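Chain nomenclature is as follows: A, B, C and D, assigned in order of appearance, with residue numbering initiated at 1 for each chain independently.
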Amino acid sequence: MLKVLDTAELGTWVEAIIKAHDVIGIQARADKFDFGPLAKVQDLRLDYDVSLNAPKRFFLLPDEKLFTFKKDEAKSAQAAEPFVLFGVHPYDLIALRQLDKLFEMDNPDVHYLSRRAKAIVVAVDVQKPSAHVFAGCLGFEHVEDSYDILLTKIGNEYLADAATAAGEKLIALGKGFTKADDTHLAARKKIWDENKQALRRHELKPNKAQITAQLEKSYDHKIWKEKARLCFSCGSCNLVCPTCYCFDVADRLNWDLASGERVRTWDGCMLEDFATVAGPHNFRNQREARYRHRYYRKGKYVPDKIGEFSCVGCGRCIGACVTHIANPVEVYNAIMEA
Amino acid sequence: MDRPRVAIFDFACCEGCQLQLYNLEEGLLDVLGLIEPVEWREAISDQSDSYDIAVIEGSITRKEDEERLKDIRKRAKVMIALGACATIGGVNKLKNQFDFGEVRRTVYGKDAEAPHLDTARVKAVHEVVPVEVKIHGCPIDHFEFGTILKSVLAGKTPSIPNYPVCVECKKKGNICRYEYNEVCLGPITRAGCGAKCPTGGFWCFGCRGLLDNPNVDAAKEVMDIYGKTVDDLSGRLLLFNNQS
Amino acid sequence: MPNIDVSVHHVTRVEGHGTIRVRASDGKIERVEWRVPEAPRFFEAMVRGRSYEDIQTIVSRICGICSVTHSLAAIKAVEDAIGVTVSKQTDALRIVLHYAEQIESHVLHVGYLVAPDLLGQKSVVPLVASHPDVVKTVIALHKLGNAGMELIGGRMTHPVTVKPGGFAKLPTEAQLKAYKKDLENGMKLVGILADVVVSLADKLPDFNRDTEYVALKTDGTYTFYHGDIASTDVKETTDVHKFESVANEYVSAQSTAKWCKWHRDSYAVGALARYNINADLLLPEAKAVAAKFGLQKGACNPYLNSVAQVVEIAQVIAHSIRLIDGVLTDGVTPETPKAAPREGEGVGSVEAPRGILFHRYAFDGKGMCTSANICIPTGQNHGNIQKDFESLVPKIIDKPQDEIRLLMEMLVRAYDPCISCSTHYLDVEFV
Amino acid sequence: MGKIALKDIYLPETATAVAIRQLTPTEKCFEFKLDSGKSLGHMPGQFAEISLFGIGEAPISISSPPHGEPTFEMGIRQVGSLTGALHRLSVGDKIGVRGPYGTTFPVTTAMKGKDILFVCAGIGMIPLRSAIKYVLSHRKEYGKIHILSGTRTPAFRLFSDELEQWGKVDGVRLLETVDQPDDGWKGNVGVITTLFSKISFDPKNTVALIVGPPVMYKFALLELRKLEMSYANVYVSLERKMKCGVGKCGHCQINGLYACQDGPVFRYSDIAETREAI
């Protein structure tokens, strides 16, 4: 369902949504933007460049209870509350689409999936490119599925594309929506084309398939060692990445030492002990081996698994790396030069 | 299991770590249900000579304290170092970069030569006697204290992170201090605090000590990027991680 | 008359180490001594060469229980030295933070350290079973103080948000509102705590000694944070920059620990001192609590310090609520602390829970510290504890040894000594 | 997103310890029985995630052969928290179980009709025991059988009582060695690869299963290559850190492979080029 809303009417619509739902919306935070509980419509900033934190944290929580136990009895903890996630950029939605596949395949993960099932996602096309975004190079500047609603700002109007029943219900909360026509679709296409050029703050030379193919031959490339020399093994690049999803699992005891909970927490393959087992024996002992692994995961391992390139070009890792070595564009450009 | 007999001793420190035990609030009562405190000067009047677990707060700064510590070690089956002063020497180690005579004169003037003012190189507990468990931080985090204590009592190895503070900082979703060109020690400091300081808008000053394998060279090399010098880094590292 | 030999090596339930020694034979008192064998930590020497940005981080570690106080004194001194002023909002929130520590420290002292004495127990542990409601109230109030410190200071102990020029991070309006609610609830709990202490007040020894009391004083407020130095002995106040002329640190003939004296041989600082100087300025909520005890301005029974602390808990809660209202009326304004190094020297003085505190630092042009002087409340009280002992012991020398010991320990505890503050204590061996 | 999976893949079912025996100073054998009364339904080579609530969870190979009963056996080495706590269990105590997970030794496929070479180094005996017992109980479906076993010292021989029985089965040759002998030891001394020269087998018609500590593989594989054995007929079982066992947590990755799903049993020719494998 395609509708159009005057930007002046956006406020009343969002107000109605806030009244009816818990809303996590994009808003300003210090001199940046981030998702958070949206208290009032004035805080919503659809003109943002990039959110400090990727939306994955609302589905794969940084710290999440899997089940509670009492002596020998365990009870699954699946208390997901429905909410509206308002203002997701296309590249981040593509990242969520990838996580959906990964958590669904083989052994479906009920914790992640139930949160996803209960969330209504309102995506928005990028209005202002961030400092490091390169999603345009990857074709991830726009998205054509996986949203409940996609909003695109066209002049003084928002084109609202509701792709699901939940999306349509949300639109029904608003007043002043009018029917869209082909000119709107053409305008949106134009914005997508423009964004393909605009979201290229770094220029990735090879295309996705070329990277995946080239990685086949790049295991001993000098770039891994060169870059990893300055790696803190701090995992910041993992944790800010919208498609990184590794986790650790541990038990927490209550004071009775018999009951407690099993939790999973974010983990990252860049951390020194990520592959350490009893012994102790570390299967990825070298910084460069861990560093390489991350770029292989994004460019080859996950693509081999789900058929999608697993860096979406959000550029968060570039900004998050204190030592400025985590730019996928630099890495993938370098391996092309043998 | 019988409740283990626990004794808590303090050496040179601010006693802020013991204070965190009070900050367990109701949890303190749970702790007292699981252990039998036999000596804890700050909270109870009893004193004792036999115990299973000795908890040591503070740095060792005098010869006589070294002897006292060795004596405690002999009586304890398990020794826990509580807080930065005990685990890494903490802020007390700032003293180690000065001439001790000069330090005494600075603070005590003409009385500096009095024998009881003798002061020695500051040591962490493990530099004097073997330590089984280190509870890091200045002060310790009361949740982590609880987790470690419960682990010890349940017979599991306490998991103490060997990853940097950045991990917890990112989980919290903070804006990195380097975005504001501040020298944050997070990338080389052991996590476990929940990144309290960066979450409070302040840089990490390293109170939990360095990682097992910190990339200090990288930390030095990146100072340039942020318009800082290696001296700025070293100065901050000195606060809690004076290696002398 | 019996021979008496009381030796309490390391008084318990105080912060830090202190030792009491009394010897008498045939009723003749040969020796009464209060001494501190705490290992000296040399903070004033250690901060030299460190950046003005790192001073607070270091000196906060002087004392875990008054880390906010030390932090604020240091920040004020640094700001004084480098010439930085702060906004009204920063000032108000710093005071709210400071008050949170007063709540936490006073409750800890009265609830965990003194209450067992009054209820005839060795620690708070048995009270859990015998007086569960008292323990619940104490824990709830203790949490309140901690919540305030965590909210505004970023941590419960050793705050991280206080920087020269302002706050590294501000609480949100919603958080302040929630904290205000907690404070209002806390006010009710103070009433309960006060009633308990009133009911036990007769357990406090009746011992009076005319004493000089010293505290900060400013117009219009029962102050912990601003003001000049006042004494019960004189009318005019003294600028904090001249604190050395007040403290007059000296080496006593009897002990080599540095003691302080001003107009007399010794003076006292702390809750009772503040009360004796500023009681007229208490807010009505606190005056009501003081009335429950009949606490008079001019009281000179050191054991009443704990009572004054209960009154002060009410005072700081009441004032916190007013300050938060003020901040909320204007709305929390985002501001980034601005401070740059400059050569200079500065002093900061605030009231620690256990009395007036002074910090002085000098910096070079790069903002590196060149010298420091720190004068802590417990140091200022040591001489007075000794004088109290000298007056108390002859009055109780006929009592059983255990009782003498308890009364002396209780006296030390009444001063809430935070001996770990030992920036410069001497360890004296007597024989 | 519409459908929600109902089963929680992280939630263990419970089992009860029904028998516990000490195998060596550091290893114990546990027999567990699923409280559901159902059979675990595993095949040789698979593992299960074993939990003690409050302590944690770890992948442990299933050491007994498949059968229809609700019981199964595990040999567990005490190395840390969970394994330490498991060693403190008594009969009647409960554990949590998830599984079985992972790939299996090809007992019903590639191994059928072939001569079999079992190379069991140290704790590698534990997963291989399941396959050995399976093969011995389906003796007619396989050719000649060699069982090579190596341990650090005689005290660390796992399932030594059963070893003797296996050696007596028709067409089975059992060879043992220890790195360091003790006074009573009369057998071979040396690392496990020294046993290769003591046996003769037809490399064209043999399937080899090798399991042991990481360092062992390189040498054993080199020896087999010298004996002109094709890596397509060699199967290994690889250990990695695992936190979920179901292909999510990322810890067990061997380059692009997941040890928990693509393994732990790998046909070596499939991973010979996988750099992180051996």
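The rule we apply is simple: a residue touches a chain if its C-beta (ideal position, glycine included) is under 8 Å from a C-beta of that chain, and two chains touch if they have at least 3 such contacts.
All values reported here derive from a predicted model rather than from experimental measurement.
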Worksheet item: Among the chains, which one keeps its Cα centre farthest from the Cα centre of chain D?
Response: C
Worksheet item: Just by CA atoms, which chain is the most central one?
Response: B
Worksheet item: Any idea how many Å lie between the Cα centroids of chain A and chain B?
Response: 37
Worksheet item: Just curious, how far off is chain C from chain B if you go by their C-alpha centres, in Å?
Response: 24
Fill in: chain B and chain D: spacing of chain centres that average the CA atoms, whole Å
44
Discussion item. Please tell me the distance, in whole Å, between the geometric centres of chain A and chain C computed from their C-alpha atoms.
Written reply: 50
Worksheet item: Among the residues of chain A, which ones contact at least 2 other chains?
Response: 30, 250, 253, 257
Worksheet item: Which chain C residues reach two or more other chains?
Response: none
Practice prompt. Please list all residues of chain B that touch 2 or more other chains.
Written response: 154
Practice prompt. Sort out for me which residues of chain B touch chain D in the complex.
Written response: 154-157
Worksheet item: How about chain B: which of its residues touch chain A in the complex?
Response: 27, 30-31, 33-34, 146-147, 150-151, 153-154, 159, 162-164, 166-167, 170-173, 175-176, 178, 186-188, 211-215, 218-219, 221-222, 225
Discussion item. Which stretch or stretches of chain C touch chain B in the complex?
Written reply: 10, 12-17, 38-42, 44-48, 50-51, 54, 57-58, 61-65, 67, 108, 112, 122-125, 128, 135, 139, 142-143, 146, 153-161, 163, 167-169, 251, 256, 258, 420-421, 423-424, 426-429
Discussion item. Going by the contact rule set out above, which residues of chain B touch chain C in the complex?
Written reply: 10-20, 22-23, 25-26, 29, 32, 37, 41-47, 61-62, 65, 90-92, 94-95, 98, 102-104, 106-108, 111, 114, 116-117, 119, 138-139, 142, 196-197, 199-202, 205, 235-236, 238-239
Item to complete: Show which residues of chain A lie in contact with chain B when the two form their complex.
Response: 29-30, 32, 34, 52-53, 57, 62-63, 229-236, 239-240, 250, 252-253, 255, 257, 265-266, 268, 271-273, 287, 320, 322-324
